[in-house]
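First subunit A sits with subunit B, and in the next complex the same chain sits with subunit C.
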Partner chain A sequence: MGMKGKAIEIVGFTKKFGDFTAVDNLSLDIYENEIFGLLGPNGSGKTTTLLTIATVYKPTSGDIYVFGHSASREDYEVRKLVGIAFQEPKAMWIDKPIDLLNWHARVVGYSGDEAKRVVREVMELLGLWEHRNKYFYQLSGGTRKKVELAKVLIQKPRVAILDEPTAQVDVLSKHALWDVIKKLRDEGTTILIATNDMFEAERVCERIAIIYKGRLRALGTIEELKDSIPRGDVIEIQFDGLLPESLRSELEAYGRFELRSNALTIYVEKGEEKVIDIVDLLKGGGVRVKKIMVKEPSLDDVFTYLTGAKLREE
Partner chain B sequence: MGSLRTLLVIALWDLMKLKNQKVFIAMRFAWFTIQILVFARAVSYIVSQVVLQYTGGVEYYYFYILGVYTTLLYSTSIARGYMIADEFDDGIVEYHLSLPIRRNLLAVGRVLGSSISTIIFTIPMMLVVYYVLGVCNVVIVLVSLLSAFVFSMGIVSFVILIVFSMKSTDLTDIVVGAIDSLLVRLSTVFYPLPVIAATGIASYYVAAVLNPISHASDFLRILVFPEYHLIAPYGPVALILYITGFSMGLLILAIEYYEKRLEAGGWR
Partner chain C sequence: MSVRISGFIREAYVVSLRDLRRFWQNIYWLAGQVAMNIADLVIFGLIFRGLVNPQLIPDYIRFITPGVLCLSIFISAFTIGREVGVELRREVTHYLVSLPISRSALVAGRILGGVLRGFIYQSGFIILAVLIMGSPTTEKWVLTITASTLLAATMSSLSITVSTVTRDFNLQAAIRSLVYFMFFFVSNVFYPEKALQARLGSAAPIAYYSPVSMTVSIYRYCFGYLQSVDLFFNLTGLTAWCLISILLAYRLYIRNLTR
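Take a look at the complex of A and B:
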C-alpha cells in the first residue's frame, strides 16, 4: 500500500453549515486503487465529506486533493476524475431508469450508440433491465439505490464515491453488489465508501477511517483497528433490573466497560476465564443475568470503545 | 467532449422530461385554443371599434391573441424554470453539480434546455395564432420563433436566479408569484400603450415601456402588422435588441451564479 500514490488527500478539511461544524479538521489519505471505508453513524459528516470531494460543497477551510487537483480551485479537473453514487437516489418520481442512465452515459462522454450499449450492460449486471421503463416511484428503495450505483459503473471513474451503496438493499443483493464493487476496483478504480454498516466495512473495505461527530477517531486496516482495543475480547451481558452502583468499581477492575440500559459490554483479556468471575460478581450483587456472549471484537466494538456510542441506533 | 456537444446533452435533460408531460401539453393546448377562438372573440367584440385608434389600426382581436400568446410564452418559461426549483428540492442539483462538466456549460445548458422546451411546448399554440391571423410567411414564423426563444432564455435565467438565491421553494413561490402578476399586468400584452398613457398614471406607463414582456408582444405585433409601429414605443430593431440585452444580461448573471456562488448545501 505504501508504494502506491495518493488518490485523495484530505488536508485539514472543515465544513460548517452556519455555526454548525459538520466536519472538523479532517485529514487523511486514500491510496490509489484501494477500497477505503468511512465508517460512522448517521450525522457523523460522511456525506458532507464525500460531497466536498465531488465538488458539490466547498470546504469552509482546508482542502481536498484528487490526484493532486484541488477540489476548491480546480473543481472541473476533479469532477473529471470522480464519479459519485449519492446516498439519496437522485431522480424525480416521474423519471424512468433507462432515460436517466442513458442521459448520464451521454454526459460522461459516451456517444449515443455506446451509451445504449454500456447502459444495457450495467443494467443487466445489476438486475435492473426489467425495471428500465418503470417510473421511479414504482421502484423499491433497493432498486433505486442500484440505479444510483449504475451511474458510477457506467462512468468507470478513476475515483468512485459510494455513499451507503447497499442501504435498503436486500441481503442477497448486498453480497452481489459488494462483488461488483470489488470488480470495479480490480479494473483500476479507487473506491471510497461511506457506511454505517460494519459488515459492509469488514466485507469490502481494506482500510477504514472511523469518524464521529465530524472528527476522525481512528484510521487503519481492520486488523489494526481491532488491535487498537487494548484488551483482546469483548464480553456482552444482558440482564434484568438495575446495575447497583457498588458493582461498578469492581467491574472496572476487569477492564473498561460500557453500560447501556440492560446490556453491559466489557473489554477484557482471556474473556472465557473472566466471564465466570464476572457473572458471579453480578449475581452476588443481585443482578439477574439473562444472556452472556464472549466474542472477538467487531468493528462495532471498536467504534463503541473509541466513542462510547453505537454505530446504529437500536 | 466538445463544448457544443456538452451543451446539447445537458439541454437534453429538459427535453427528456418533456416526453413525460404529453397529457399536460395536450390540455394546455386545448385550453389555449378555446381561449383564442372563443373568449378572445368575446373580449374583442366588446371593444372592437373604439380601440382601433389606440392599436394603430390593428383589430383588437389580433392585438389580444398575440398578447395571450406572449403571456403563454412567459408563463411556460416560468414553469420550466420552476422545474429547476422542484429539482432543487429533490437534490437533483447536487447530482448535476457532481457531473464532469464545466459549471458555465451546465448553466447555459440548463437555460437552453428549458427555453427549447418552452418553444416546443408553445409551437402548437403559435401555429394556432398564426393560423387565425392568416400568417403563412415562413420568415415571419421563424423570426418570431427566434425572438420567443431569446425572450424565454431571459425569463428562465431570471427564475433560476430567484430560485437559487431564495434557496426555498416557498419563498420562490411568493417572490415569483408577486413579480409574475405585476409583470404581466404592467405590460402591453392586453392594453395598448396609448390606452396606458390615457390612464394618466406615469409609473404605469414607465413600467410598461421598460417591461420586457411588452417588448416581446409588441415585437410580434410589428412583425405581423407593420402598421403597428405607429403606436409601439420603439421600432422592431430596438425592441429585439432590448429583449436580447435583457436575456443575455440575465443569462450572464445565471452563469456567474453557477460558477461562483452555487453550492448545494443549505437548501432546506
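Take a look at the complex of A and C:
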C-alpha cells in the first residue's frame, strides 16, 4: 500500500454477547483513502465490527484504533473521525428526512443556514429532495438507505462506515451510489463497506476481508483473493437426481468440489479441457446433466472455497 | 477547560433541539393534554367550589390553579422518557451514540429536552394563572421559575430513569404508570395537606415529600393563595429530588447506551 498510513487498526478484537462470540480475535489494518470491504454472510460479525469502530459497542478484548485513537479508551475522539450509515435506518416513524438531516448537520458542526444548504445539496445529489417532507414510514427501503448515506455525505468524516449501503436499492441507483462512494473517497475519506453482495464488493472495494462465523478467513485485493484458490477455473454443473456415492472419489481426482442439492462446483486447472471428461464421468454414472458452465473464480467462489458456505443462502 | 465546557453546552443544546422538534410533531397529543389540563381546572374548580369545606379550601379555583400549573410542567417534561424507551428498543440509540458528541452531553441534552418541553407547555398555563390569580412580584417570579426548573429537570430525569431501569417493556410500562399515578394523585394538587395527613395515614409522607407537592406549595405561595410556606424545606427537597434524579438518569441511560 505504499506510504499510506493506517486509518483503522484492528488488534485482536473479540466481541462477546453473553456466551455468544460475535467476533473472534480479529486483526487487520485499513489504510488511509482506500475503500475496504468486509465480506461475509448475515451473522458473520461484520456489523458488530463496524458498530465497535463507531464506538456503539465496546470490545470484550483487544482494541480498535482509528487514526491512533483507541475506540475503547478515546471513544469521543474516535466519534469525531467516524461517520456511519447503518444497515437498518435509525429513525422513528414520525421523523421526516429533511428534519433528520438538518439536525444531523447541526450535530456534526454546521451552523443553521450552512446546515440547510449542505443538506439540500446532498439530498438533491441522492434524489431525496422530493421525499424531504414525507414521514419515514412512507419511504421505500431504498430511499431509507439513501437517507442513511446522506448522513455520511453531510458529515464528510475521515472514516466512513457503510453497512450494506445499497441493500434494497434498485439497480440503477446502486451504480449511482457506488459513484458517490468513490467520489467521497477521492475527496479524502477512508471508506469501510460491509456487504454480502459479491458484485458490489468487486465493483467498489480495493481490498477485502472475508469474515465467517466471527473469524477472518482471508484478506487481500480481489485478485489476490481469487489467486488464493489453488486451481485456476471453476466448473459449475447442474443435474437431475442424486450424485452416486461411487462418483465422489473419482471427482476428487480432478480437484476439490462442493455439492449443493443438484449443483456441483469443482475447482480445477484448465477447466475447458477437463469439463468433457467430467461430464462423461457423470453420464457414465447415470447422472443427467442439465447445465454446464466453466468460468474464472468470482469472490463468491473464493468465499465458498474458504468457508464451504454461500454468501447468500439460496 | 472553557472550550470543553462550551463544547459540552453546545452539544447538549443541539441534542435538545431534536426533542423539541418532536414535541411539536405530536400535535394531537398536545391538544389532548391541554384539553385535559383545562378540564382539570374547570371541572374540579366548578364542581368542588361549593362542595368543599371553605375552612379547608376557601376558593377551589384559586386552590387548584397552581396545582394544574404544576401538572402541566410535570406531564410535558415526563414525555421524554417514553421516547428514550422506544429508541432503546428500536436501536435508534445506536445512531445517537455514534454521533460526534460526548455521552454526558447526550444525556444532558435529553434531560434538557424534557425541561424545555416543560417550560414551553407550561407557558400557556402561566398566563392562565396570572389571569386568574394576578401576577406575582419579581422575587416570586424568580422563585416560580426556580421551582419550575427543578421540577422539570426532576421529571425529565425520572422519566428517563424509568425507561432505562429495565429492558422488559411490560415491566417498564408498569413502573411508568405507577410513578405517573403516584405523582399525579398522591400529592397536594387536588387536596389540601391537612386532609392528606388526616386521611392517608402512614401513606401521608408520600404526598408530603413528593416533588409535585413541594412545587405546588411554592406556586401557591408565589401566586398569593398561601401567605407563607416553608421555602427552605421545599427548595431543599426539590433540589435533592432533582440531583438524585439526574444522577440516576445519567447512570442508567449511560449503562444502556454502552454495551
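Things worth noting here:
In this section, the second predicted complex is superposed on the first by the 313 of 314 C-alpha atoms of A that agree within 3 Å, B and C clash if a C-alpha of one lies under 4 Å from a C-alpha of the other, contacts with A are read in each partner's own complex, and residues count from 1 in each chain.
Here is the rule we go by: a contact is a pair of C-beta atoms (placed from the backbone, for glycine too) under 8 Å apart; a residue touches a chain by one contact, two chains touch by 3 or more.
Since we're looking at a predicted model, the values are computed, not measured.
When the two complexes are overlaid on subunit A, subunit B and subunit C occupy overlapping space and clash. Contact with neither subunit B nor subunit C is seen for A:I64 once the two complexes are overlaid on the shared chain. Touch criterion not met for A:V268: it reaches neither subunit B nor subunit C. With both structures placed on the common chain, the touch criterion links A:E88 to subunit B and to subunit C. In the superposition on chain A, contact of A:L128 is made with neither subunit B nor subunit C. With the contact threshold set out at the top, residues 17, 51, 54-58, 75-76, 79-80, 82, 84, 86, 88, 90-92, 94, 99, 103, 106-109 of subunit A are in contact with subunit B in one structure and with subunit C in the other.
Interface residues of subunit A, counted against subunit C in their complex, comprise 17, 51, 54-58, 75-76, 79-80, 82, 84, 86, 88, 90-92, 94, 99, 103-104, 106-109. Subunit C contributes residues 11, 14-15, 17-18, 21-22, 25-26, 83, 86-87, 90-92, 94-95, 97-103, 258-259 to its touches with subunit A in the complex. Of all residues in subunit B, those touching subunit A in their complex are 1, 6, 9-10, 12-13, 16-17, 19-20, 86-87, 90-92, 94-95, 97-103, 263-266. Taken in their complex, subunit A has these residues touching subunit B: 17-18, 51, 54-58, 75-76, 79-80, 82, 84, 86, 88, 90-92, 94-96, 99, 103, 106-109, 155.
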